Amino acid sequence: MNYKNREKVIAHSIFLLGSIIVLYPFISILFLALSEPGKRVSGFTVPTGIYFDNFIKAWTGGGFSYALLNSFIVVVGVVSVTIFCSTLAAYAFEKLDIFGVTPLFAILLIGLVLPYESIVISLYYSMKNLGLTNTHWSLILPQIGLSIPFSIFWLRASFRSIPKSLSEAAMIEGASRIIILTKILIPQIVPAILTLTVLLFMWTWNEFLLALIMIQDADMRTAPLALSYFAGNKRYGDPAITAAAAIWVALPVLIAYVFLQRRFISGMVTGAVKE
Amino acid sequence: MKKIFLLISTILLVSFGSKGETLRILAESGDEATIAAAASQFEAANPGVIIETNFLGWDDFMATIKLKMADNNPPDLAHGNQGFTVDGTLIQSGLVIPLDKYADQYGWKKLFARGALAEFLWSDDGNTWGSGNLYGISPVAEDVIVYYNKEKLKSLGLSVPSKFSEFEKALRVSKDAGELPIALGGADGWPIIHVWGLVEGAFVDPNQTRRWIFDAKNVKFDTPNRIKAATKLADMAKAGYFGSDSLGIGYDDANAMFIDGEGVFNLTGTWMTADFNSGMGDNVGAFAMPRWNGGVAGGGSFALPWHISSKSSNPDLAAKFLAHLMSNEFVDDLMRVGRVAAQAPTIAPTSNLQVEVIAASNALVGANAKTFYTDWATPGMYDTVTQELQKVIGGAASAQDFIDAMAAESLN
Amino acid sequence: MDNIYRPQKKIDYSSYLYILPAFIFYILFVLFPLGDTFITSFTEWNGISEKKWVGLEQYSKNLSNKKIISSIKHSFVLIIFYSFLPIIIGLLIAGIMIRVKIHGMATYRAILFLPQILSMIVVGISWRWIYAPKGPLNSGLDFIGLEEVSRAWLGSFDYALPSVGFIGTWVMFGFTMILFIAGVQKIPTELYDAAKVDGAGAIAEFFNVTLPSLKGEIIVALIFTVTLALRNFDLIYITTGGGPGTSTMIPSMFIYKKAFQMNQVGSASSLGIMLTLLIFTLVSLILFIFREKK
């Protein structure tokens, strides 16, 4: 076991450097947002005082209360239905005897790698014909479909990691499949489900292109969409107010991240490799 | 019994019908102040009517207006944009209605000279432009002119140019003195269209340019004079008259710079009059771009046309609001906020800058020199001309490349 | 009732009920639009009137369109920034971390992962400010005396694409770092001990032990970053919109513009299918290169 001090110092320096590089844009934007309103800030200026005016102007001017609410509604819709459907499906794939698992998986694999930019056009016209554009459904339904492949693979891997003895014991006792699923298996993988929730929340919250196409009504915009329009509106050409708006939009995910960062990281890192 | 029932229900229907009518309006954000004011006036004069307004910044407007009008629940009244890119497409897709019956009802056509409304006339299939029915109308005129910083001009020993060559000399003198000759927000792309319009106007006969805009497929773009104009623009860029950062600066930032005292000239539209006036007061002046042999040239036209959606459940109400916008009181309101009305206002200009702007505008009208905007010519022209102009300004394409690309796009 | 001893041939159809809800959503909102896009790619359509069948014309037009070919080239440039650079950085760091354990790893990890959780719109707005002509980057360069280097980064024909690329590197390098470090820490030390016994130096260790053990992670990183580089609509939309000129245009931006601004839905669909095929091909290539060699 060879822990050379020199190597430790090197490692620390590297991580410190990396952290500074990562944090710099955040701090830059934060300083910009906290700067004195009306003053055209440039470059390196450290704010002389802390002004929250930009945040207030951004909030009232950009309709962000609606935007955050809309994003929240979409997220709840997508996450809840996706996890429900994917849990059932993953259970079936892993524990039940399904004929044709491999071709079904191959079909799901398409969804994993598919660039959804290719299919948004068709989704738009479908939604338009159904009269669903400008509604939360136009964002919720497609994102459920898009989240299904990853969620099924994720949950299946989690089911797989449950010791076989547990479910077999239950089966011998003659429990029905639903009982096995809900009373025995799901409690075992609650951490994994939580992590999946966090990931889906993040991806759905940050979704932009779909909203850009489906939502034309200012009141129905999701947070990133509202931010993009806000940044482009002539009256708010002031970068400080735009910076404040950006922080408003990033805040929910940031707050969730601060509390759940282990889940975020482990989710994207370990789970992805499992496949 | 039945008659009384019918009477009561009719009364109820009528009162409910006219109570709480909503009019939804979508406008480009340049008009936010005036429309907001007009909306309150209209609501006050028409109790029971509620007006919902929505404004979009220019880039978002251009990127999404067609989607919004094609939506299942589009605004009743919305801005379009002259030309094939927006208006032509809206008409071809049957998304907007012709306004002739309202124009007759409210007398709009009497407000303007014959032929002045050509940019709003379309065939019903949206394929022919310049004649046909009236699709869209606007109370505002917009011209592209040259704003200048008066102090700087004076300290450089220059005066308002009367020939393009004098303008060029002014640019060279400014650059040599270490000033930024022209403040340009090239990052957004479309502001360069205005610069091009002025340089083009200095060399190309405005009639030819207008004919090309209306009928790009059949009218020649690559005429010798236009090649001269393109070469001139490329030379101006190479000489550094736009500064080295113009492609990294947005339109709003460039104007802010100009207001803060950076840049001798700003080649843009009269919609900026109010902002420049409030930021620079008497230090800012305006003139119409002089042509190579004297006389004036300029882009410009009516402002964005108002359309009534074909899916509107309230076209008459929308037309009524439009009539309010075309009225004399509103014209005076426009004057007060520094816009240039298309009809003659009854009040005097409210600032020195406005005096000069109106003078420039009148000069353009008098010389019949308004050449609209290059991006109107084909459905894809807006993208093409912004991209190609950025290349010219950035030195990534030559004048000939520009001409070739534009000529190719004209055939679409 | 369930029976553990299921006869081989009997198929339990009720199990399919479990996968039905998921597959209904998937088929309706992913597979069906994909098929629809495929069919539309063989037509000429402005989104409103009738579709006109034109066979492979959209494909040939797109493939001979210089701007579209350029956009694909731009995506490949972005792959270098979004994928290769972060992976190399991540591997190097992971290599150092083989033998070192430091305190505060959890904090570093939390910080380095931050760019991953943000919307690309937020990231784009932040970097638009940093790259602004009077923004922090230029101010910093001026401060340390490098004024000639400062410029309008996102407005330069030569530097806009690399500037956007660098944003991608910034977003990804923390992810690859963490991914590879986690992978490295799973490598049993016996492998390194064995290598040392064989007299291997640090570099040989890296190539013979670390890299092969990280194969799974490398595949994941590659697929994840390459697909992002090829898609990438949000960031380009909010930073440059494809400009200046067409120097930062990418296929997904073309798809959007063609479909929704230029009324060329058939052409856009064809481009969408082409993009899908490109990504499928690259992913298959990655998996093939890194396949298990028996």
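The first chain written gets the first letter, and so on, giving A, B and C; residue counts start at 1 in each chain.
Assume a contact is a pair of C-beta atoms (placed from the backbone, for glycine too) under 8 Å apart; a residue touches a chain by one contact, two chains touch by 3 or more.
This is a predicted model, so every value here is computed, not measured.
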**Study point:** Top chain pair, ranked by how many C-beta pairs fall in contact
**Key:** A-C
Check your understanding: Which chain is most remote from subunit A in terms of Cα centres?
Key -> B
Review point. So how far apart, in whole Å, are subunit B and subunit C when each is placed at the average of its C-alpha atoms?
Key: 40
Exercise for review: State, to the nearest whole Å, the distance from the C-alpha centre of subunit A to the C-alpha centre of subunit C.
Suggested key: 16
Practice item. Pull out every residue in subunit A that's touching 2 or more other chains. Key: 212-213, 228
Check your understanding: Of all the residues in subunit C, which ones touch at least 2 other chains?
Key -> 47, 132, 260
Revision key, fill the gap. The positions of subunit B in contact with two or more other chains are 59, 64, 67, 70, 253
Revision key, fill the gap. Within their complex, subunit B touches subunit C through residues 59, 62-64, 66-67, 70, 89, 92-94, 186-187, 189, 244-249, 253, 379-380, 383, 386-388, 390-391, 394-397
**Study point:** Interface residues, subunit C side, partner subunit A - complex
**Key:** 1-2, 4, 6, 11-12, 15-16, 18-19, 21-23, 25-26, 28-34, 36-37, 40, 47, 93, 96-97, 99-102, 104, 106, 108-123, 125-127, 129-130, 132, 134-136, 138-140, 142-143, 170, 173-175, 177-179, 182-183, 216-217, 220, 223-224, 227, 230-231, 233-234, 237-238, 252, 255-256, 259-260, 265, 268-269, 272-273, 275-276, 279-280, 283
Check your understanding: For the complex, which residues does subunit A have touching subunit B?
Key -> 40, 128, 131, 133-134, 212-213, 216-218, 228-229, 232-235, 237
Exercise for review: Provide the residue numbers of subunit B that touch subunit A in the complex, in ascending order.
Suggested key: 29-30, 32, 54-60, 64, 67-68, 70-73, 250, 252-253, 256, 260
**Study point:** Complex contacts: residues of subunit C adjacent to subunit B
**Key:** 46-49, 131-133, 151-157, 241, 243-247, 257, 260-263
